[in-house]
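Okay, so chain A shows up in both of these, paired with chain B first and chain C after.
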Partner chain A sequence: MSRPRWLPVITWVYVAWSLLPVLIAIRFAFNDGRSRTSGQGFSLRWFWTDPTLSVRNDPTLAAALEHSLVLAGLAMLLAVPLGTALAIGLQRWRGRGSGVSNVLMLLPLVTPELVFAVGLFLLFTSAFGFIGLGTTAQVIGHVTFSISWVVLIVRGRLVMIGNDVEEAAADLGAPPWQVLKRVLLPLLGPAIAASLLTVFALSIDDFVVAQYMASGADTTTVPMRIYSSARAAPTPALNALATIMLVLSLAALALAWLVFRRRPESLSGLMR
Partner chain B sequence: MRRAWAILAVPGMAWLAAFFLVAFYAVVAVGLGNITDVYDPVPHWNPLDWNIGYLLQALEDVLPGGRTWPVFVRTLAYVVVAVVLSLAIGYPVAYYVSRYATGRSKAALLILLVAPFWISYLMRMFAWTNLLAEGGYAADVLNTLSLDSLFSAVGLLDGEDWLGGQHIAVIMGLVYGYVPYLILPLYASLDRIDQRLIEAARDLGASSAGAFRRVVLPLSRAGTLGGIVLIALPMFGDYYTPDLMSGSPRTAMLGNTINNYVQGGPDKALGAAMTLLLSAFLLVFMLYYLRELRRESAA
Partner chain C sequence: MSLVLDHLVKRYGDVLAVDDVSLEIAHGEFFTLLGPSGCGKTSTLRLIAGFERLDGGAITLDGDDIARRPPHKRPVNTVFQSYALFPHMSVAENVAFGLKYKRVSKSEVARRVGEAMELVQLGHLAERRPGQLSGGQQQRVALARALVLEPPVLLLDEPLGALDARLRIDLQVELKRIQETLEITFVYVTHDQDEALTMSDRVAVMKGGKVEQCDEPRVLYEEPCTAFVANFLGSSNLIPATVSEGALRVGEFTLRADVDGRTGDALAMIRPERVRLEPHGTGGENRVPGMVEAVVYLGFHQDVRVRLASGALVRCDVPNDGEAVEHSSGDPVCVHLPANCLRVLEP
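For the complex of A and B:
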């Protein structure tokens, strides 16, 4: 079949269009001047050296960065264990109620984020008023929409592993918690690593839920900061902030890749 | 034994019940509730107390002649145009990468197609505000090529400011923001097609275009529909893209209306009722997506 010549052109033009704007925004982060619309020299002024306006020295920018990372960390700590346990439970549970549970688990994935955010906002300002808005509410929101992703990832791996190893361990006399600890969890290693990474990415990228659950300046995240300052604050410090965030998520990706490579927790790895 | 494993599901299910199901029920309770003299919402948790006044008001607003009707029509138009444009861009890209790209260039392309997932959505929108602002690179290029006068002539640009209430800027923002999420499911479904089926069609005399139309298109239908739903659902709840790319009431979407009611003013009950209507409107899409997810996760 002859290969249409315009297809590669469209593809590479698309790739350029999808990434160039971001690369240009990153370039402006290194501007020497105050412009966010043209390149002006090269400096670390907006990251580090500007005494009041740089990410390091503007307390609101530094706080947004810190808060985003705190939220992502807490969301990972809660969502990954909850989701992993839920995946194992759902996989083994074939009785009454399992169908309903499977649907409930998938619902957060198909619900528009705004609907979910409005719901959680109304809940925390009424019946669950004892929780209220703020960091706790933001973490709960991020955990809630992350759990389903963890379940999908872990479950995919469970299907791949199958029951054989686990049954062998049980036949050899391992009690359930031993099977869990010494067989299942090690085998789930890569899925758990992928889940941690996914939850981190979902959390730091999230804007809607974080904004609805926020209670004030000290609960501002990086995306919220970008939203409120994109059209207002006139310095490339915002570009610098966004750049740092991007580098951090790429670093997380690279780290996960290294972990994956170093510890292939495959069946053969376990047998050795 | 099996029962013991099921216990592991309890904490996660309890979490989802408390913070997802009850949260959605809060929208129902507030939307079908009442408000106090100082406009605080009073949720009616008991269905027997439900008050359908706000729901009727919201319905009247979004129906023809209502005050939110223009916003609703605009939202529909934006989403339809953005989805069609996304398909026009995304399908050829996914098709090329799945069928023709090989070896290193395929690997590189796949990485580049996934890259936007690792860049915050807000940052990607923000990047365009840098480019389209007065004196921005994109604005300059458009000006140098006289594209702005062309767009003005055909009525797609009103005034000179690309970031001040232009439909075209918001639609471009939506396409830019969501097209990566369309390309991946498209790629997955196109990549799954057995190349031999296309060869068989060709051997049996189909033209290249005929083989595409009668083999590739039907076999990629599920992935295409899934991708469309995947990007259309969040677009209907989007308010940040129009806010960043325009910020004008002229380009407000339903998400903006709901956001203004719930986060902004005294109309939280009306906002909740509007959220219920939006959910009802999107229910078909949500059920379709749910079915696809179930099929995949059950495999």
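For the complex of A and C:
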């Protein structure tokens, strides 16, 4: 039976439809002129060479980029270990309350981001006023909503690994921390890497929480910067900034792919 | 030198998985826990290994109480049904895993890993990953990984369950060889009666968390104490009967049998291969007439099913000695139930 021809056609139309806006945005990042709507040659003006308005030379753009990366880095460093530990704990929790905790854990995934952000805003301006708004609040916000994703990813992997290998390691004489170090963490490697990537992507992409938790110019992230200047005086430097973000995300993906291509057995062993 | 299970109890919520199990397993014994799934055999094994917490009773190994110790501090090792090999380590690394906690020198580790791999005939695969091995090879690695620690007791949880029939028979022979060579105690869990009969020194048949009967394979087969054991090990005819005045009655026929002081309703048990098929009208004791209901050809023997007048169905194995069975369904015949082959069991 031959497959219908229109299936690949639909697929390719969809791919083009979803990629085209991105490609157009990237195209204008390299525009030589000031327009973001008509092609005016090619240059690196908006990335590097423009003395005042390029990503390199406009301090607000460079600062936004740096702040976004710092936030994403901190979110990764905090959310992934916390989420992994939580996933392992929840996986072993058999007693009363484990079912409820599982549902609660997934709640942040379906809570509207705006509701979540407003809640946090009230929290940090009243009950936990000592924290206040700013970078700390932004990091806490990002960590809070990313942990659910980390737990989801790591637990999926834990289910796949099963209890057997942990029991086997303990049976062979390994004390609990050795079981973690020699067996569980190596096997969780792919899930932890996937979590790091996911948290990075969530944090870099986030606008609502970062906006609500922000306390001024030095806590402006890239999405916030793009949003605010899109209405004021947009230049292709914004496209350049977005392009840099895209390249960074793709680089992270490529890195992960390279890491796992080098050790395929860690995956294949569990795919049986 | 023995492993003693003293009144073990394990509950999962309201379910009694292990219900007052007491067993004494001698040093160097090949001991099998046999039963259908859910009978508590694996739970009992997991209690010995330390993966489950005991709700009652005690486990002692050579007099030491090990029941309160975590699994990594118990001198027993386990071979898992799923093998549970570490997929991120080579075969040699898998086998060497436990030696790290035994305080042995590097050269000693290499020597013992080498020996264990030779014992299971896998020396040439040391650098492979578990994912690159066949099921039988993975099972051998799991065995080597446990045996390298020279445990006094090895626990095996349906180790051959995931293998195909032919490989299973090869590995049964090999397991028995290894157990006899190393002279260590094997506690073996299986639901396969053939496995239990061929390898074990003693078998405990379990049902509903309790031990139904524990004895040598021959005794279990020849002298089962309950209908469950009779049915689970091999096949058997269980004919509803009554015992009155020291005689066994099946319908209107009286049979001679050792009634063992029983009275009232009973089951007359006889193995199909002990039932003799004779022409209709043959006289003598313990002969009951019936009607052939079906003849099933099974290759090495034929299964002849005879319906007695009392309504009971008696299966009779007729060995395939080259001569075709002259009976066909509908024929009147006579079944001979020799008195020394009949056992009277509780219904």
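The working rule: the second predicted complex is superposed on the first by the 253 of 272 C-alpha atoms of A that agree within 3 Å, B and C clash if a C-alpha of one lies under 4 Å from a C-alpha of the other, contacts with A are read in each partner's own complex, and residues count from 1 in each chain.
FYI, a contact is a pair of C-beta atoms (placed from the backbone, for glycine too) under 8 Å apart; a residue touches a chain by one contact, two chains touch by 3 or more.
Nothing here was measured: the structure is a model prediction, and the numbers come from that model.
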Task: Three-chain arrangement built on chain A, chain B and chain C clash or fit - done: fit
Task: Partner chain in contact with A:Pro59 - chain B first, chain C second, else both or neither - done: neither
Open item on the list: As a test of reading the superposition: which chain, chain B or chain C, is in touch with more residues of chain A?
Closed with: B
Task: Partner chain(s) touched by A:Val151 [first = chain B, second = chain C, both, neither] - done: first
Task: First, second, both or neither for A:Pro186, with chain B first and chain C second - done: second
TODO: Give one of first, second, both or neither to describe whether A:Gly132 is in contact with chain B, with chain C, with both, or with none.
DONE: neither
TODO: Figure out whether A:Pro234 sits in contact with chain B (first) or chain C (second), or with both, or with neither.
DONE: neither
TODO: In the overlay, answer first, second, both or neither for which of chain B and chain C A:Pro223 touches.
DONE: first
Open item on the list: I want to verify one number: the closest Cα approach of chain B to chain C after the superposition, in Å.
Closed with: 7
Task: Residues on chain A lying within both footprints (that of chain B and that of chain C) - done: 176
TODO: Spell out the part of chain A that touches chain B in their complex, as residue ranges.
DONE: 1-3, 6-8, 10-11, 14-15, 17-19, 21-22, 24-25, 28, 36-38, 82-83, 85-86, 88-95, 98, 101-116, 118-123, 125-128, 140-141, 143-144, 147, 151-152, 155-156, 159, 176, 201, 204-205, 207-208, 211-212, 222-223, 226-227, 230-231, 238-239, 242, 245-246, 249-250, 253
Task: Complex contacts: residues of chain B adjacent to chain A - done: 1-13, 15-17, 19-27, 29-30, 41, 43, 45, 89, 92-93, 95-97, 100-101, 109, 112-113, 115-131, 133-138, 163, 176, 179-180, 198-199, 202, 208, 211, 233-234, 236-240, 243-244, 247, 255, 258-259, 262-263, 268, 271-272, 275, 278-279, 282, 286, 289-290, 293-294, 297-299
Task: Residues on chain C engaged by chain A in the complex (per definition of touch) - done: 49-51, 70-72, 76-78, 80, 82, 84-88, 97-98, 100-102, 129-131, 145-146, 149
Open item on the list: For a test of understanding, state which residues of chain A touch chain C in their complex under the given definition.
Closed with: 162, 164-165, 167-176, 178, 182-183, 186-187, 263, 265-266, 268-270, 272
